[in-house]
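Below is a structure I'd like to ask you about.
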Amino acid sequence: MTVKAPAGLLSTRGLSLKFGGVVAAEAIDFDLMPGERLAVVGQNGAGKTTFINICTGFLKPDSGQVFFDGTEVTGRNPRQITRLGVGRSFQMPQLFTEHTVRDCLMIAASAVRSHGGFWLPLENAVDPDEIEATLELLQLRPRAYDLAGALPEGQRKLLDVAMALVLHPKLMIMDEPTSGVSTDEKHGLMAVLMRALEERRITSIFVEHDIDIVRRYATRLAAWVAGRIAADGAPEDVLRDPAVIKNVIGG
Amino acid sequence: MDASLIILALMDGVSYAALLFLVALGLTLIFGVMHILNIAHGSLYAWGGYFAATLGLAITSLSLPPVLGLPALFVAAIIIGGLLGTVLEFFLLRRILDKDPILQLLVTFAAFMVLEDLQRLIWGVQPVFVSDVVGQLGTLEVAGVTYTRYQLLVLPSVAVVAFVGLRWFLRKTALGRQVTAVTHHREIATAMGVNTHRVMWLTMALGGALGALGGALASPTTSFTPGIGAEMMVLSFAVVATAGLGQIGGAALAALMIGLARSFSIYLMPELEVLMPYLIMVAVLLVRPEGLFSTVATRRI
Amino acid sequence: MPSMRLAMTVAILVAAVLGITLSVPWLKTPVLIALADGLAVTGVIVLIRAGQVSFGHAMYACLAGYGVAFIGRAFHLDALLLVALGTVAAGLAGAVIGVFMVRYRGIFFGMLNLAFSMVLFSVLGKFGAVTGGTDGLRFDRPPFAGFHLQREGFEIALLVLALAVAVMAGWAVQYYFRTVDGQALAAIKTNETRLEYLGISAKRVFWRGYTLSAALCGLGGSIFALTQGLVTPDMGYWVRSGEIVFIAVLGGSAHAIGAFIGAFVFSFVKLYAAALLTAWQLVLGLVLIVMVFVAPTGIFGLIEKRLGPRPAPGKGGSA
């Protein structure tokens, strides 16, 4: 049965996944439109990261489909989905710890390079202006020649996102971008990230525990409870939903 | 291939497997506890064999009662294996626990090189072969085939006792359970008050003694020359890798499998004899790299 | 290291080696062996870049050597052609074995390489009718660039070839480390997940690096074979593979020149220790143990530290 791909940037239909006896995802139907800034909330174990892992190809669902930008991507691996235009950052930043910040970005940029084969020096295969621009955008210029492994947590998070940004993604998925960062730094960090995404007109999904950050930066909020989306809509509406208050915020 | 050849190959395989198992057991035990592959382990086999031969010659030249021959093998193994194991642990392994894995391997490789040369300086390059013990114990006839009591009875018995004994030790004694704890998670064991340094020393001494025991027990049936340590190193490693690093029961089965494969190929197609252990190793690693009997997930993409 | 200074140093070293060897003729063989070893070590250095170590890479040197011997005996080709063919044979073998090999990492990668090398070693030793068995295969001195040379002349020609090849291989490996592929290879060591999430196939990158490493070992093996006029299964023994890794760490695995520094130190300590004590393994073993604790980045690492901090980044970067 051929299913006509839903309109919208990221869509899922009937997505389900069980680990042993635990329901990680249950019949999730979901549509994300270009330009949205979606926050994802839910208790630990509610299925938020599972959802992201399925959408980015790290996990295969038991049943259901995932569509990205009109193409079905169910079951494809992370490499293929990344190449279609999905960028990802992680709860624990995934960096090349023995490379400099600049080199990390260059390696990332080399994945989408427009000129040269893999035998070209890295310096010559990427656009230096673009690297500089990305460094500037994420306020990483002062650290450009430091080893990624030596950065403090906030800048590790920024670099994690920067590496994905350099791929020119259409969708950026960020898993807890402000976790591990001190409270006074959180808002600054988020502001820089969101400004960068706005400037490049990248749709975003971010998993977040901090409700203030959700209120400030999200255009839409989806709350996960026990593998299902319990509420989905404007942040203020969702935050008033009794099920959300009971299962996610309060209690 | 007629019945008597099959029986011969079987008995050959089992007695060879017994020796392989003892050496592999030591190697896998050390890896389980310290997470370091001790490349010097083959040298312990060689030193065990050479030292046992020396003791055997001493017994003869000092006109001591020949009945001491067999116990002397065990004494040799415990002394030399325990000693070398302790020295290696104290001077080297304990100090490289948190180093880069490549450096860890090279340190034990360097130790192997040092022990090889020392062995050559002590015992020379002429073959050393002291087989009195085998002659003393005589032969046995099984299903029309004559076999030495030593290879048919002594070797497999020692292997079985070692296996059962070690399992009992690890499961039923307090110290053994500490060893098991350190194997599973060193940091947690330390936090629970286990003296991990003592556990590691004990493991190296025990593992070393097992390796040396393999050599000591092999010395009455094998001629020891330079290079025998290197040969046993890679062979015992093939057993350990096939079974799964740290798997004790698995090592017994893998030793049996490789021992029998080798002995049957001697009678069926001799050129394959040396090849068999490594063909098996390649096959297992390609299909199930964590080993046949492992429960751990593999580091494979 | 600034490239001008490095190029000058290499030029001086090459001239020195050539000069000394020509005035002390019996040094030719140890120097040739050191160069052959160094080439094999550059292959292993490529793998170490990706954070992996193979305990079986001597098999590629061995394969190339036997290739040279077989082809030399059958077809009497020129030495230059033999070196090329041996290298290509090893590279092809690496490409084929690499298809399976690149799915593995860490100790499993090391073990599988070891296993393959022991299979080759056993086959070469046992199927004597074809391979000459444990005694190996001899082959006659081939012509060199068309000239039929006596032993002295052949060795000089081989030495010049080996020096040229060593310099080119060293340069090629350093260049490779700066390329898109080489930098991705280095990233395998720290974060393969990230590479996948950038859309880069770590396996494909690793496969190319593995094939290169096999070819480099093959290049070393070919030169070794021509130096000795004899190939034996021992060329592929696991202890040989271990020595190659040994030399990589001794010399310093951060830069291709470390391979040759390590190989020369190894060769000459072996020469003198063997002559004086007949216990070169003892000496070298102790040296390595001390180095692991005192200077884990090898001799090259020590030299680098002495020369002071890296110059302002640019082309230097993390290469």
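Letters A, B and C mark the chains as written, and numbering starts fresh at 1 in each.
Please note the rule applied: a residue touches a chain if its C-beta (ideal position, glycine included) is under 8 Å from a C-beta of that chain, and two chains touch if they have at least 3 such contacts.
The shown structure was predicted, so the numbers you read here are calculated from the model rather than taken from an experiment.
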item: Contacts common to chain A and chain B (chain labels); value: C
item: Most distant chain from chain B by Cα centroid; value: A
item: Contact-richer chain pair (by C-beta pairs counted) among A-C and B-C; value: B-C
item: Rounded Å distance between chain A and chain B, as computed from the means of their C-alpha atoms; value: 52
item: Whole-Å separation of chain centres (CA-atom averages), chain A against chain C; value: 44
item: Approximate Å spacing (C-alpha centroids) for the pair chain B, chain C; value: 32
item: Chain B residues touching chain C - in the complex, by the definition given at the top; value: 37, 39, 92, 95-96, 99-103, 105-107, 109-114, 116-118, 120-121, 230, 233-234, 237-238, 241, 245, 271-275, 277-279, 281-282, 285-286, 289-290, 298-301
item: For the chain C and chain A complex, residues of the former touching the latter; value: 175-176, 178-184, 186-187, 189-191, 193-194, 196-201, 205, 208, 313, 315, 317-318
item: Chain B-touching residues of chain C, taken from the complex the two chains share; value: 48, 53, 55, 100, 103-108, 110-112, 114-116, 118-119, 122-123, 125-127, 192, 202-203, 237-239, 242, 245-246, 249, 279-282, 284-286, 288-289, 292-293, 296
item: In the complex with chain C, residue positions of chain A that touch it; value: 56, 77-80, 82-83, 88, 94-100, 102-103, 106-108, 110-113, 116-123, 125, 145, 149, 163-164, 167
